[in-house]
Amino acid sequence: MAKIMTLGEIMLRLSPPGNQRFVQANTFDVVYGGGEANVAVSLAQLGHDAYFLSRLPQNELGDAALNQMRHFGVHTQEILRGGDRLGIYYLETGASMRPSKVIYDRSGSAMATIAPDALDFERLFQDAVWFHWSGITPALSEHAATLVRNALISAKKHGVVVSVDLNYRQKLWTPKQAQTVMRELMPYVDVMIGNEEDAEKVLGFKPEHTDVTSGELSVENYKAMFRSLHEAYGFKYIATTLRESYSASHNGWSALLYDGITFYESKRYQIMPIIDRVGGGDAFSAGLIHGLIQQGDPQYAVDFAVAASAIKHTIHGDFNMMTIKEVEALMGGDQSGRVQR
Amino acid sequence: MAKIMTLGEIMLRLSPPGNQRFVQANTFDVVYGGGEANVAVSLAQLGHDAYFLSRLPQNELGDAALNQMRHFGVHTQEILRGGDRLGIYYLETGASMRPSKVIYDRSGSAMATIAPDALDFERLFQDAVWFHWSGITPALSEHAATLVRNALISAKKHGVVVSVDLNYRQKLWTPKQAQTVMRELMPYVDVMIGNEEDAEKVLGFKPEHTDVTSGELSVENYKAMFRSLHEAYGFKYIATTLRESYSASHNGWSALLYDGITFYESKRYQIMPIIDRVGGGDAFSAGLIHGLIQQGDPQYAVDFAVAASAIKHTIHGDFNMMTIKEVEALMGGDQSGRVQR
Amino acid sequence: MAKIMTLGEIMLRLSPPGNQRFVQANTFDVVYGGGEANVAVSLAQLGHDAYFLSRLPQNELGDAALNQMRHFGVHTQEILRGGDRLGIYYLETGASMRPSKVIYDRSGSAMATIAPDALDFERLFQDAVWFHWSGITPALSEHAATLVRNALISAKKHGVVVSVDLNYRQKLWTPKQAQTVMRELMPYVDVMIGNEEDAEKVLGFKPEHTDVTSGELSVENYKAMFRSLHEAYGFKYIATTLRESYSASHNGWSALLYDGITFYESKRYQIMPIIDRVGGGDAFSAGLIHGLIQQGDPQYAVDFAVAASAIKHTIHGDFNMMTIKEVEALMGGDQSGRVQR
Amino acid sequence: MAKIMTLGEIMLRLSPPGNQRFVQANTFDVVYGGGEANVAVSLAQLGHDAYFLSRLPQNELGDAALNQMRHFGVHTQEILRGGDRLGIYYLETGASMRPSKVIYDRSGSAMATIAPDALDFERLFQDAVWFHWSGITPALSEHAATLVRNALISAKKHGVVVSVDLNYRQKLWTPKQAQTVMRELMPYVDVMIGNEEDAEKVLGFKPEHTDVTSGELSVENYKAMFRSLHEAYGFKYIATTLRESYSASHNGWSALLYDGITFYESKRYQIMPIIDRVGGGDAFSAGLIHGLIQQGDPQYAVDFAVAASAIKHTIHGDFNMMTIKEVEALMGGDQSGRVQR
Amino acid sequence: MAKIMTLGEIMLRLSPPGNQRFVQANTFDVVYGGGEANVAVSLAQLGHDAYFLSRLPQNELGDAALNQMRHFGVHTQEILRGGDRLGIYYLETGASMRPSKVIYDRSGSAMATIAPDALDFERLFQDAVWFHWSGITPALSEHAATLVRNALISAKKHGVVVSVDLNYRQKLWTPKQAQTVMRELMPYVDVMIGNEEDAEKVLGFKPEHTDVTSGELSVENYKAMFRSLHEAYGFKYIATTLRESYSASHNGWSALLYDGITFYESKRYQIMPIIDRVGGGDAFSAGLIHGLIQQGDPQYAVDFAVAASAIKHTIHGDFNMMTIKEVEALMGGDQSGRVQR
Amino acid sequence: MAKIMTLGEIMLRLSPPGNQRFVQANTFDVVYGGGEANVAVSLAQLGHDAYFLSRLPQNELGDAALNQMRHFGVHTQEILRGGDRLGIYYLETGASMRPSKVIYDRSGSAMATIAPDALDFERLFQDAVWFHWSGITPALSEHAATLVRNALISAKKHGVVVSVDLNYRQKLWTPKQAQTVMRELMPYVDVMIGNEEDAEKVLGFKPEHTDVTSGELSVENYKAMFRSLHEAYGFKYIATTLRESYSASHNGWSALLYDGITFYESKRYQIMPIIDRVGGGDAFSAGLIHGLIQQGDPQYAVDFAVAASAIKHTIHGDFNMMTIKEVEALMGGDQSGRVQR
């Protein structure tokens, strides 16, 4: 059981029920989610002392977001309260060949307007083992970017392992802006997680010939890209999920992990039907962190991470909900879905 | 059937179902509403050619807001599309002694960032008979305030009757700011609607000794205030609703209209239980406009308006839904609620 | 436990959830109900062998209607299957001063097109103790009226007690038509149930000075009317409910029973809030039949009937759901609504 | 943006939620739909001035049906009000090998009892570019059939392009009746849409060896049938959708268009899972009309139509909801269902 | 139409809606079910006089369970009332590779605490044709086991055909306990239904090399096992369903029947998506009983049973809902899922 | 902010939605609640370090109960896991004169089967300021009663203030049993909370002439009873709520506090409509504890407690949800229910 720190934004997520389109909806399902928050929720369920660092408005929506994380055991006492609003994202869940859609309404959020020195990382990172963040947080605002940099400096000072999920968001910044900020932060990173689009947009690396809409992925291209990334930044681990998008309802799902020497390929799952794929990447990050902390065995880690995140695709909401036992049963090969009585 | 123009903002309204508190909600009911939009929807149902002038973002939420107005017959073809976001308000519906709560999240909305010359009122007010606006619209931004001024100038030029609902919103501006802007706009107004709080905050007028939380209202104080307002601005009509707030579930409801000579007091209704009181004032404004246009009889107008808006309190959402026949049946004294087979 | 026969139509009832208006509804609550069916369902729950005689279309909607009655223990094996459609009524539930509304869509139903000799009453009324029908059934069609007449003749032959609820429906026939048919059927009736409107429209009797929308009822006028009815037809019992309609959410509720000698007035209940008042009269009829069969004590019967039907007002759907124990607890004076643990 | 006229019936559609069976349902989902209405709704969303001509009862259900079309921008001002009832269809949505079921309850509807001369087509077809109808409308009643004939005569006179969807309904008429009426109306038709069953039942044409329950379709047989139809009636375009029914949840979907010279085959989609296939054909008709009007390119038209209607299968309700941009993205090959952020 | 007796426990089933996990649920769907009850409900729908013998607590939950069976036509008049509680099972419905989960809370139930001589089988089995029970019932308690034995003795005496579904439940007893009780009861059995796990755990028989999580089944192994079972107990018929578990959403489904001479293999269905697989085995048992009673043709019986139970997988709840016509249409090969209009 | 310990059982609560009866329900609303757990949840929201001590089964239902408390900030880390089942109570919410009903199914629960020495109170009560328990906990089982005694001994040793809510439950024990156990525990109690029924059944004290179903309460009788209780046990404070039960929808609500010298009567509230009265007493206990800790002013404490618990009646579920600010606004006299914008 390790003390793990995460830093980022949690948003209100509003989605029409089932597969309704936005223009049909008379109710919205309400959950709360965000990259690093989702990671913290997974880690708390896996038994870790997971902290979420963020800023929430001093109103009932802020309360609700905080409560939802506390619900799953995340330590929320360090969350700041203030600012004008909670960021929102609207999600329309697709089906078959109709894609899911996200509308962001997050500018001016409490987290985007956080002061760069609002958090005392020196205190917070005492005894911490791991720090996880994503490329979304520095993209929120200059203040947020400085805050992340401060966190990274402090993490290194305290010997805290750092993982990042690149998570490029085109609505928040351009590739050029992303690269300016993110390249400077990479030296602090031990474990880098990102797919082909992230690596290209955020770091300027690109696997060849990949068409993300074709449903096919070339593992060989990824390996070449990982070698280049390793050379450039010396990451201890580089990982990516490999999503094969056959349709909004059917994906192939696997992952690749590289420790600078060996490539570890995970088992590959067919997910059909997908209940909710948002948060799948975050479930992977959490699974990877857990796997690396628990056993230090890269093959176990990537297998655990991909199985945990496969389960996430069957669960409504951003948060994964699973137990180690369930993940390991799936890793062990039981995909039969037989009733557990 | 008259061409009636309205100008303002329509927002996404999100509310926990039934009497749930925000922190309990796993779904939000979704409707769309806003002062002038609510008036337009009522007027369209009463048979008028009601236009709503506004600006909505070019996304599915903007589409949904527009569709909802078109649903009830409002002319939406002059609504502009653009801007970053749709304003939001969150509504928690109270019960008994627990009040309803509103959280606004409307800054930076498409309507607040409208250009002051975005609408060609010269063309729009051709053949128009009536123009309705509220004190919320100029409070949104300086641009919006200038836009309203332009509309008023054009309205006068085309001989269009102008009504305003003062509708003071403390989250949008201070009394001082409100008075600076609004006092200058009053000379364009023919029909002024506002309760005690509005008159005080927006125009600096105040009835004596009124405690709005006591559930008692002094009609005499109102009369004195109306006489002063009439003297100051020469309004053709001054009106107010008289809400007696016994609890969140039980209100008394009546109204007072003044034409500078005579005071017209409406019938008084006991509303118990209240299903949804938001939009009650807008339903009153619409009823008053309809009554004055249709018959020119002030007593009919205030009776129609208060009956129509009493019905609104029994309907979920900002929009009133009623027919002239239903309103007139209630005006005629049938409050028995007997099943209409 | 008595064998009790009922004859009539059961319809699909479609109602917007809660207090929604028809024009708001995206879902309809689905129940099934009809005057005599509702009576049969009550009687089955009170422990009687209650039969419902009717005709349902040979499709899944007919199945569903039948299943719902069987659910509560009504004997459904004598229901005929055939015809084109199941009759429908749409119900919008009002609140406060907004009345509930019913839209009927029942013409051409399986029951309206039943053959006059479709049911073998000679066999069906063997061992039967009671036969209940309402004024709705002969109003459905000439065939249905003839069928009712056949039933009445057979009932008399077998010594079966006959009760009728006059239940005037203006959408089905005019007072003139009603009187032509119904007056001829009254000689077969032992127990006549009807309020002021029914007596006037169906039989041409009228209490003086009663305004049904005023919420006040004159018991004295009723007594005079009952004496006249007794003289005219020699009914063994005459009964009426006395509904005081303060609003759609609040009614006074009591009843009056006359045996030709003595008037039995029931306790009077304040019902607030009303959950669903449809079927209240049917619950009364069932309670009266039960009371008269069980104890033969008119005061008990009218008290039981009015208490049972008061409970009905707190239950969604046409069917009452209660136990003798619950009704008697209310008769005994416990209106406190304290939690029964 | 073209003025497009449609003529037909819109019904209330009642369906158990999700995959519930009729006998399980305690609520029904409520939407409104009908062949030509569905086409009008699609065309309005694609930017056309789409009119729906019909007759609705003067009650709240008629209001609701009208409002739903207006919601999506259809011009509803020419819809007549009157008659006794709104037609209904009940839909049970199947799953896997369990088929969906429809129960019709539409006889005696407002549209079926319309007067043959109720609509002034001379006025209505001024400036119209296109007129669309289906084989359902003349099947409703003799009056309706005469009305269609009047519309067709007027359309020809005004140079309006005419399209028909044969849409055979066995519950409304026999093949013999259909052929008697429909063959006479074919000379007015420019664009004929119909699958194998329609062509056989309505016009007496039949592709060879086709078993519609086998999930396999012979395009060659269709081509032969189209050539015969072209010879017989000289249609400008003949089109059909090609549905491969593997199960209630999984269909193949493509289409074939013939201009008398060339056959245009569309792309073929695998739809899995199907959310709601009702209205798929209507979405195709609307897409075809749009494609032919916009570009006059038959290949574009059939590709647009089949992509638009594939999307329809992922949307609850009769109405398609899509944008040109979404349809063209799917036509362009992106079936990956990746989240659109 | 045969009189068929079933004996067992019916439980309250509580399940999060859709695919929600237990920890997400704010509501539970409520149905009632249990092996033999499910069989009775199917048989009643297939036209038989199906009786359910059991014991339910004297409270509203007991009422509800009874009503649900009566709803579908099961004879419930012989159900005893008493005891402390209704047994419960909680069901979480899985998706893709996430399995469904069952939590039992059934100890101390009214049925588990039934007196061994509570039912007068001598009277109950008069005129009965068939008696069905499952291995769950004797596992409930020693009393229940003795009760089953009494029933079997009485059944034999009255010449009633006996069928059993072995249905091993590891939460109720160990294989050793099961074998001690069940082996002694097998001599009374004519028709034995059980899959590989049941045969092994309950009777000690085992097919070779079968891995139930692999999704592959060896029919040959089953045949060997059936021959051994036939030799050991002389069952008239032995049957099993053959479930191929690809995932929680996708199963292959077929069955094998053996009459001691010939093996009858059914058609094989692909079920995708599965709506609710609980009760699938019970639907099979009921279909087999119906098939054997109706036609005495083993091939028809196994085909009917497997088709009926395939339909069950598309229906929410423990109970199957189908008609003979629907089952025979599927047996006849129509798996196309085309809309039945 | 004080460390406050609570000890008791939390149950799964299942209730038909709205005012449905048990026999109508197809879904149950799911919340979790229990006397002391409800107190802990209130106290955590009021800013205290509230701990709940209990035992939950090691399954997903136990997880869910724990999560719900953690959601609201209760410290749950000392909750033990083990045992067979989570206790359940079923709640049917009444309306008007129809009472709410509770069915308990809690025997054999994890908490009832807790070992008497399972909790190390010596460690747990370090630094604790207050310990709250109720008469329900010792009624669960002998083990639980011993556990409570152990807690009380330890509390006294650590100088922890002890409060009890007598909370008599007739389904758990008889008055005689209650008195045997509870009288011995009273010497450890500082703050005793109980209404007339509790005092009589649990301690053998009784106010005169009180009929709890009449809706009237005699404060004078209470004062006499309080004086006797004070004499007998020397409690520092004695308190009771005074519920006037007019109907299931309308209660009067006030309270009385006695410090051995002075009687403090609270304000009296009319609660209409009641949304959910379960947990009202627990909200009072929590408010009283908070008031006494915060200010030591008995009048403030009883006023705060009664206002907080009045709010509880407007909230669905066992848990109160409020802020100090909201409670104090109500204490301050604003019962108007005006919208808080």
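Here the chain labels run A, B, C, D, E and F in written order, and each chain numbers its own residues starting at 1.
Operating definition for what follows: a contact is a pair of C-beta atoms (placed from the backbone, for glycine too) under 8 Å apart; a residue touches a chain by one contact, two chains touch by 3 or more.
Here the structure is a predicted model, which means the values were calculated and not measured.
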Other chains in touch with both chain A and chain D: B, E
From chain F, the most remote chain by mean C-alpha position: D
Of A-E and C-E, whichever chain pair has more C-beta contact pairs: A-E
Interface residue identity across copies chain A, chain B - same or different by half: same
Whole-Å gap separating chain B and chain E, where each centre is the average of the chain's CA atoms: 62
Cα-centroid distance, chain C relative to chain F, in whole angstrom: 44
Numbers and ranges of chain D residues touching at least 2 other chains: 21, 23, 26, 67, 101, 273
Chain pairs in mutual contact under the definition given at the outset: A-B, A-D, A-E, A-F, B-C, B-D, B-F, C-D, C-E, C-F, D-E, E-F
Chain F residues touching chain C - in the complex, by the definition given at the top: 18-21, 23-24, 94-102, 104, 169-171, 212-215, 245-250, 273, 277-278
Of all residues in chain E, those that touch chain F in their complex: 14, 17, 21-23, 25-31, 59-61, 63-64, 67, 84-86, 88, 90, 92, 101, 103, 105, 107-108
For the chain F and chain A complex, residues of the former touching the latter: 67-68, 70-73
Residues of chain E defined as touching chain D within the complex: 269-275, 310-311, 313-317, 321, 326, 330, 333-341
